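These are the structures in question, set out in turn.
Common to both upcoming complexes is chain A, partnered first by chain B, then by chain C.
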Partner chain A sequence: MSISKKGLLATVGVASLSLLATFVTTVAPADAAINCNKIIGPGYAQLKGKTVTMFTSILDPELSKYQKALASFTTCTGIKVKMEGSNQFEALLPVRVKGGNAPDIAIIPQPGLLAQMVATGKAVPAPAQTLKNVNKYWSPGWKGYGSVNGKFYASPNSANMKSLVWYSPKQFAKAGYTVPTTWTGMMALADKMAAAKQTAFCGGIGSGGATGWPATDWLEEVVVRQFGGQVYADWISHKIKFSDPKILAAMKTVEGWMLNSKYVGDVKAIATTTFQAAGLGIPAGSCMMLQQASFYAAQYPAGTDVSKNGDVWAFYLPGINTSVKTPVEGGGEFFAAFSKRPEVQELQNYLSTPQWAINRIATAGSGGGWLSANSGVPLSAYKNPLDQLSAKYLADKNSTFVFDASDAMPAAVGAGTEWTQLTSWFADGKSSADVAKAIDDSWPAQ
Partner chain B sequence: MNSFFSTNLPKFEQILVAIAAFFAILMVVFYLAGKANGRKQRPIAILVLLGPAMVLLTAGLIVPAIQTILFSFKDANSIKFIGLHNYTWLIQNPDMQKVFVNTLLWIIITPFVTTALGLFLAIMLDRMKRESVAKSLLFMPMAISFVGASVIWKFVYDFAVPSKPQTGLLSAIVRAFGFKPSNWILTQPLNTFLLMIIFIWVQTGFAMVILSAAIKAVPADIVEASALDGAFGWKLFRNITFPMVRSTTIVVFATMLVTSLKLFDIVRTMTGGNFGTSVISNEMYAEVFVRFDQGRGSALAVILFVFVTPILVYNIRNLRRERSIA
Partner chain C sequence: MSTLKLANANPGRKLFSTRFATIVVWTITFLWTVPTFGLFASSFRNKQEIFLSGWWHIFTNPHLTLSNYHAVIFGSSSSTLSDGVLPYLMNSIVITIPAVIFPVVVATMAAYCLAWVKFRGSDALFFFIFALQIVPIQMSLVPLLQLFTGGAHIGSITIIPKLGIAGHFAGIWLPHTMFALPLAIYLLHNFIASLPRDLMEAAYVDGANHFKVFRQIVLPLSVPAIAAFSIFQFLWVWNDLLVALTFASGTEEVAPINVKLASLVGQWGSGWETLTAGAFVTIAIPLIVFFSLQRFFVRGLLAGSVK
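Moving on, here comes the complex of A and B:
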């Protein structure tokens, strides 16, 4: 007994030693003569022995990809980056910042939390070089979400894309349809499908306790497409009410689109169909198009050909009003700093360069899934074609980028009445005027 | 794995130290209490034995209850007092009125049906051949959580557009009889009753087992004596069996009543409170944890508490009376 135990211990010891050895080699490449100018860009000072702490809601395996992508920065500048991920990030960050235990940099996923952090007085504005980079590479919408009261604090990290329409290239080819590039073109195509006895649009807003959220996305997409970013921002702050003629007009557009039985078949069934199941019929042609975010690709079973000429693919949800340039709805994260130490600022500068984004994209591998709205990143950097499609619109410097409005509204509305009222818009045929009034009535008093 | 232990090791150490300290303090207290004698012995013993329970009860029940009542008079973030505003909103909001009506329907219908059905089954199955097999089958849904049961019943109530093959069991049955299936979960007020069926399906087995045990406890000589006097069937049940299991029936009924009053899982899983099926506890959860309005959520909790209290008082009184008889 005791001998075999000892033997086992010895093997475990050897195994862990060899593990340690491989770990060391991946972190510090033996070949230290890498071309730093090329990999992280020129102009970084050597600050050996300094450490920057970073706090985030990102967890493994994503977190280790960040660490891998930052390894070249450490090799070239000597600055170590210590990343800490927590699934309690949103609750812990305010506690840590108020308690004087702020991280050097936090990766913040909502503009609202950034404003809250700035209000504590502990967040520091971004250094000049970071601001320069953001002005150069990002659209003004993105810069706006990283700013509080006109002052720029946080450069964008990753981005995701909601303004997509899923369809089946094979079904389109069979019927001779082409991908529409304008809103009227999309509606004309839907008319054609209706005439051919096809269900033009798939829809499903069921999501358990969060039932209704896909409907809020549809309304948001139309609001920004019809009236642009300013009206959208005023709508979020309730300067423009739901019962405002503009929002009612947008609701009318949605009624002609997703609440139109000519296009969707049974409107009420949309309320009881889960958003996951909504577009599963697209490859077989039981319904033709579904407006849903880029992450919807994951809903298709293994073996489904998700590609440009395959079973399913997506196109950009076209604009409505031509004066609103390339409207894009999505989300993203931002790097907010709580220290002015030179090593922190040097890292902030690096994180706002295309080189960082390219290095980070490379660690994502062929599956992709990490997007940047940095226009300095060539589309060829993305290995995944769907990422390329999304990045094309996200990184468009002239795009009108907006965050999810329901996420930015007070929870009583954005996670409350807007969900339930829009659900009853679909399920009970409630009029848009009544829906708007009920949502406005529930808006919390200031 | 390695990083998990290395980062969490200090936490484990703290936990162990805290537990050790707790036991050390308890030992000291018990030792000192054991030393006491004479007149002080009894009050000290009461204090030492009841004290910890009282402290825990105060911290875990009484303080939160008072706090909830206070919160119900405050705004969403529990900062400003806003008087009865939360309560007036609850009473005046048309969606909330629907919630109260639904909750009333739940507490009137489900405990009654579940208890009656449980009693009926218990009598029918009593002394049947292979009684335990039938009972086990009926009791089985009890082993499934409400959430699990709801997921199962989702498939039963599933609906597809009439032109497509029906995946839902209920739709398929209705169709087999030549009727048109409808979108069950959307049809008001039918949908609330469809959700109640899930509750009844899960809970009837429980009611049946408890009541069946009570029926078996009725002494055989009484049953025989009444049979000699000519009491069979309904007469036997009305005059002998039911009076003997009456108090058990009340306990089962009260348990069902409280369970249906607190009912949350079925509504949350099946409809998320949409389509006019929401109940008080679902709204309470949604207000506090989804819409972040602590005031309204607390007001709903207080209303629920007020509803439950008379049932609890009745139950405790019933128990006391029985104890005094025994």
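Moving on, here comes the complex of A and C:
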């Protein structure tokens, strides 16, 4: 029995050692003489020794860039920010909030989840200064997605821009094409390409378990371009059904575009091509244009010249109905708070300022990839030219900004039947009426 | 007569000693090990090679590197973790050891009482504890978290005050202890109840009280069962992700290594190479525990299963 006694002793030893080690690894923020007024802006109180916890779905390496960008805030105000990233965020946040263990601030990517959190009664409306900043710097569309039942809760964090068409400036120059600025112009260009035996549009909606999502974007882009933001919002809330004549008309437009074999070649192949591979033929000219979000740039192999006159570049997907002003579709995250403590509100205020966005953009470096729809951020803050292009449309206060509808609809539809039904629209040639009916039937009862 | 013959022939041993059976067993063992070996092989390849070709190319093109292990243990600015997993590994140890000791101590004493101290309703109590095993852990997450953060009240009367331990080590030890107890008490009760009655009675006659019997007779005799259960509990707590994610926050101060491991692939799913090495760093400690306590494991595996 002496062995087990020794073992127990060793165990206790290890336990106390490891306790010691955990204390040792806790680090304090570095201090540096910096001009706080310039870096984070004026008007912040000193709240030394306070800590704000943040919970997010963002993981490393992005997460450490957030921590780096927040370091100056900690130095200037004394408020420490503890960030926790988890890929189980969407499942964990409701559990923690209902259990009374909510983080001070959660970075929520889905407006639907924000509404769910507000419904628990634990979310706290944004402080007055944050509201003021958001009114000043963001378009009403963005503010709307951070509000629930007319009350403003969450200021926007980063944004991504979906209304882009990828093309090759070199190929366009070779064939003498110009970038279209209207929808009819784009279709006329596609006709020209078809006459020249070129494939006008590339397409791929394959994405493993999420196959079909690029097709939802195509439909969303057309819905907002044809009918504007109000119809789009009613469509998300199912006041307007998929089988509504308006949505069917939008589907017809998509049929004349991405389901048109004259432009895309084999329509069925779009369902089996992965979205990553869809536009890889653009530099070589095997297909000419691809509607895809700003993050598609990452798919091109190293050495591809992504610039205005290079191998690939993107143009803004033109509008259809002139009464809808600069329709832009995108996604983003929102800072929702669950505490009214002064240090939390101070951080909320800071996160709604252009200074924060500029500091965060600076940590992204020349590769870029972090966009803000904050109109107070000068375009020159972006080091990456593609980011500049996207930011121009995102931060336009006169634009009609709409959030990715499939992210805002109930998950059973937006991440379920809409994907599968639109896939069979492409793969099996299912009629748009049947597709619309199947999606409507799957809408969860209230 | 015939039944007796069958029992004597030991059909199990005969079945497994044929050549055919040996081949089957080896084939299954091989197939079972292949994925783990693939992960192991990948952990020695660099990122480029992992993405471009399958792990079996390690045989034809052996460019072995320890860079993944270096990145996982010491951190690297280019990968999905900047500081390495050592703080998290320490957290795992700090979480696991008390979460094994607490239920073992409580369960051994409870098992002795339920088995040898006769009191009214002891059988019903044992049955009740045994039945608690059917409560799924997922169902109790939110209520338990509410208890930790808000306490329990009936009307305006506070039954349990706010414990405020969510997000701290105690907030992880306690749920693990709670969820382990029903099975621990059941296993140890059946083992302790099967100890020879004469031994206890002799001790009682000599004037020993319950505490003395427990310490000097029951405890030494139960070591195999206790060790076996400790291994079970150690592996369960070490491999747990759900309780840690719910009750600990994922920060460096308290999060165990599994929480870190789950996020190693990174924001864009590009951190595979550190995941492979991270997995083997995580496995290392349970392996040490398993092999050092293995001799108890074989003896104790049957603990309480037959009376």
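Definition applied: the second predicted complex is superposed on the first by the 413 of 446 C-alpha atoms of A that agree within 3 Å, B and C clash if a C-alpha of one lies under 4 Å from a C-alpha of the other, contacts with A are read in each partner's own complex, and residues count from 1 in each chain.
As a convention for this text, a contact is a pair of C-beta atoms (placed from the backbone, for glycine too) under 8 Å apart; a residue touches a chain by one contact, two chains touch by 3 or more.
Note that this is a predicted model, so its numbers are computed, not measured.
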item: Which of chain B and chain C A:132 touches, first, second, both or neither; value: neither
item: Contacts of A:340 with chain B and chain C, given as first, second, both or neither; value: neither
item: Touched partner set for A:95, first chain B, second chain C, both or neither; value: second
item: Which of chain B and chain C A:416 touches, first, second, both or neither; value: first
item: First, second, both or neither for A:427, with chain B first and chain C second; value: first
item: Contacts of A:87 with chain B and chain C, given as first, second, both or neither; value: second
item: Partner chain(s) touched by A:64 [first = chain B, second = chain C, both, neither]; value: second
item: Residues of chain A touched, compared between chain B and chain C (which is higher); value: C
item: Doubly contacted residues of chain A, that is, touched by chain B and again by chain C; value: none
item: Footprint of chain A on chain C - complex, ascending; value: 79-82, 86-87, 90-91, 93-94, 97-98, 101, 141-142, 144-146, 148-150, 166-167, 220, 223, 227, 245-247, 249-253, 255, 259, 262-263, 265-268, 271
item: Of chain A, residues touching chain C in the complex; value: 1, 4, 11, 14-15, 18-19, 21-22, 25-26, 53, 55, 58-64, 82-88, 92, 95-96, 98-101, 103, 298
item: Touching residues on chain A, where the partner in the complex is chain B; value: 207-212, 265-266, 268-269, 271-272, 286, 411-412, 415-416, 420, 423-424, 427-428, 444
item: Complex interface listing, chain B residues touching chain A; value: 76, 95, 159-161, 164, 183, 185-186, 188, 268-269, 271-276, 286, 290-293
